[in-house]
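These notes open a run of structures that come right after.
Two complexes follow with chain A in common, the first pairing it with chain B and the second with chain C.
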Partner chain A sequence: MKVGGRRGWPTLELLALDLKEAWRFPIPELLAFLYVFFPLLFAPTVRAAMITGPEARLLMGMNMASGLMSFITFIIILKNIAYGLANEIRKGLLQTYLTYPIGRGRLLALKVFTTVGVPVLYVLLGIWLFALVNLPELMAEHLGIFLTALAAAVGWVLFLSGLLLLIAILVRRGGPALGLGIGAWFGLSLLRTFLATAGGITGQEAYWHAYYVLSPSTALEDHYRSIYFVHAGPTSPFRPELWQCYAYLASHYALAASFFAAALIYFLRRFEPI
Partner chain B sequence: MRTRRLTRGLARLGLMALLCSLAIFSLSLITLPHVISISYGALAGGYFSYLVVFVEDGATLIVDAKGDAYAFYLLASDYDTLVEFFGQEANLTAILEAAREGRLTVLANATGRLKGEFPSEGTYMVLLYVNTSDDLAYYRLDVRERTRIVPAGRSRLTAVSLCLLGLLLLTPMGTSALWRRVGRRPHT
Partner chain C sequence: MEDVIECRGLVKRFGRVVALDGLTLEVPRKRIFGLIGPNGAGKTTTIRICLGLLRPDAGEAFLFGEDPWNNPRVRLRVGVLHERMALPEHVRAAELLEHVARIYGLSSPEEAAAEALELVGLKEAADRKVGGLSAGMRQRLCIAQALIHRPELVIADEPMANLDPLGRSEMLDLIARLHREEGVDFLISSHILPELSRVCDSVAFIHQGRVYITGSLEELMRRYGRAFRVSTDRPEALRPRVAEFPYVREAFVAGRDLVVEVEEGHEAEFYTAISGLAKELGVELYGVESKVASLEDLFRRVVLGELGGERA
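The block that comes next holds the complex of A and B.
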């Protein structure tokens, strides 16, 4: 069996080692249970509150499913990146990994998979099972919207993960990386709230554009939101077009990709373990 | 060694599938009533208001609405008709006319108090309350929904599928462990 040539086996070996260390039994098994159980527990309330069109019902359900577990997702990512990875650098474990016959790019890619990819898979699992059990007809009927909303839900996780990764690699210490990571998380959440509130009060579209770039799933929800029934919270003075929703999503991913790219470039060229 | 690692990985994925199945199945067994709206208020004479709820298939809407001067109507409708009559400026005459014509289904109507349980086949239900007097009059609404936490049929199908998948993924590790135990010869 040949996996990616001669360099395939050490990569897989390191991946297996990393997965085993980061996701010890029974943590991943319990997390899988929680990611399915909690969104479904609140499903009746969401189903009853959905006085809106079918696309918006699907989006609201999906946002609820990802939103309920977002706190746990970010705690896991903070623990994995800001604490785990930064401490590995601090304790010299990464130097040992660098002695393996694999490139730095591959090493970082498998670290990203272990620390960010696995929580992203949990988010996808939670949303998919929520929609499959509660809204299967809508999911099948509006598959394009479902996939776009799935990308939007994962986008915020990737955005924050990219930033945390960059911080961890730059700071190279567990404690400060954790503190800065929590600060970045709260800062971005506050920024999103501020942009929505300022947009609601002043009515300026610029605030809403910035807000939707940071929160593309809300843009999609606002695009499909019913114009007939009451909407709680700040309301955008304009309804984003579908192409604008795709543009917000693309910008969001571009920002997230720029964080990962900056982390990769720094790791390849300038990174020296402590 | 590599085969053992692979079977162990598959077994862990299988255990996850089994736990997901357990989560869905346990929720499919629970039926709970939950509050949609409990409210008190008053309307001026001749005015009306309404509460719209989507009641899913198999669920029951539990209504207890009181108000001496009020006429209560519980209507059922699809989304398009709902938007047509309640979306923008709702017109009471048009709504009652649509109810008479059968475009809006009247599930129940009463004066003074409307109390009952109304099973649904997955429709929007509208509780319409009209102050029929000339003066300000008070009302009290208690609207709840009794429903399974997850729809029974679909969720159990999903739970069974995940359970089978989990068992399938656990099989290689299970059989290899059994093989090692059975295949081990006793010391002589």
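The block that comes next holds the complex of A and C.
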């Protein structure tokens, strides 16, 4: 047997091992059941909804599907990163992986896929399945809006995941990482509420811009609602244009990417297992 | 021929604690090299820097001539065994080894896993989950995964930890056999010196983050290992005159005895001379005992100051 003789995929092999370790029966099966169950659960509500305008109807349906899914997924990611990954660092499993002939960047990428990528894929598939079952014509007709809303729906989860990842590899201990992660989550949620409230009270657009950067899916909803719910009035006095919705989404992803990039740079240059 | 490991002036601090204080070390090829030192001496930190797990605050470390932090592929040539090594808990032992074999790019992972399990006596536990194995069995599994790709060098940090006496003996036999038959080099860190002395042919004594002395065990024993313990009523009176003998390296008072290091080949001469000197000074001589030091004696004497702390 010759070492390195077989043209192998060491990173994918370690990913396979890590996935087996992290996603054991019955968690993936339960999640799959739950996310398939959502389309059936909300189907009557979506079909009965009296909403004018196809885009608004599509967005409302997707919002209905993604809300609970995103919450459950975020809890799973919180557990995977703040508790799972940080504990792997403390217990030495990450150190074991670092002794294999795999670069640090690839190792972090596979850990991100295991802890964040898999749950996010569940959400994406869940929302897609939801729309496919309940709003197939709308989805086909407004594919661009569907994809944008899909990206916006998982944006917040990715945003928080990036922050959690950074915290976990900096703190390197499960308990404190979990505490800080929950703290960051609540803090950012409060910040969003504060920005929306301040925007509503003062009427200053800057608050709304900041709010929509943190919540691009709301921006999209407000844009379409403001067109179709003329009588009900928009959610915010400030009505974002579609191009602004794209800008909010891009900014949101840029912020999320900056957390992941900071985590990667730290992992490549400074990270030392305990 | 390049050294398997080369460290130059390594400094590593953890907060206020200085773990390595300018450590310099060369581990040549074709050796079972022992890294010896008490707990907290800096052995594990040295090993982790050599594997690219830690980055030194100053100095350089090379593994097969390459920087291990930036060249992960150099670890294809190395097998690693940590003290209390963590492994995935929910996979079967054979399954884990098959994955590890594929990570190292072996052509027959199933065959390699079976061989490795047999090598460490874990064939019967192949289908058991890693989390369900006893501490000793897990340690054997760690050894199996360190050896599965038949590395050129095995770096083992306290490899005998968690093993029972029989397991430790088998482990030492395995190390000796792999070195002899397959030419695998070893860097073994331990503070259990009697066991290390069974297999190591070279050692480095580390204390307070520095290498005090390094060399082949044979050479160190020849230099420092032969000592005479002279029992007398006035060791202080004898010491300065004994120290003037041209073949005496070191003479010091230990309790009520005088301990004398003598160069090889001058033992008989020393016996005659010490008797004459005792008569001349009117000192009572109760006995002169020759002894070959153990690795533990050597460590105590070289590092803990009884020979004045010579540093590499």
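Keep this in mind: the second predicted complex is superposed on the first by the 249 of 274 C-alpha atoms of A that agree within 3 Å, B and C clash if a C-alpha of one lies under 4 Å from a C-alpha of the other, contacts with A are read in each partner's own complex, and residues count from 1 in each chain.
The working rule: a residue touches a chain if its C-beta (ideal position, glycine included) is under 8 Å from a C-beta of that chain, and two chains touch if they have at least 3 such contacts.
From a predicted model like this one, the values you see are computed outputs, not experimental measurements.
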Checklist entry - So, does A:196 touch the first partner chain B, the second partner chain C, both, or neither? => result neither
Item to check | chain B versus chain C as contact partner of A:132, first or second or both or neither | outcome: first
Checklist entry - Should A:37 be classified as contacting the first partner (chain B), the second (chain C), both, or neither? => result first
Checklist entry - Which of the two partners, first being chain B and second being chain C, lies in contact with A:110: first, second, both, or neither? => result neither
Item to check | chain B versus chain C as contact partner of A:16, first or second or both or neither | outcome: both
Checklist entry - Between chain B (first) and chain C (second), which, if any, makes contact with A:178: first, second, both or neither? => result neither
Checklist entry - Touching chain B and also chain C: which chain A residues? => result 16
Item to check | chain A - residues contacting chain B, complex | outcome: 16, 25, 28-30, 32-33, 36-37, 40-41, 43-45, 47-51, 53-54, 125, 129, 132-134, 136, 226, 228-229
Item to check | List of chain A residues in touch with chain C within their complex | outcome: 1-8, 10, 13-14, 16-18, 20-21, 24, 88, 91-93, 95-96, 98-104, 270, 272-273
Checklist outcome for this item: In their shared complex, chain A is touched by residues of chain C numbered 48, 51-55, 72-78, 80, 82, 84-91, 96, 99-100, 102-108, 111-112, 149-151
Checklist entry - Can you list the residues on chain B that touch chain A in the complex? => result 5, 9, 12, 15-16, 19-20, 22-24, 26-27, 32, 34, 36, 52-56, 59, 79, 83, 86-88, 124, 145, 147-151, 154-155, 158
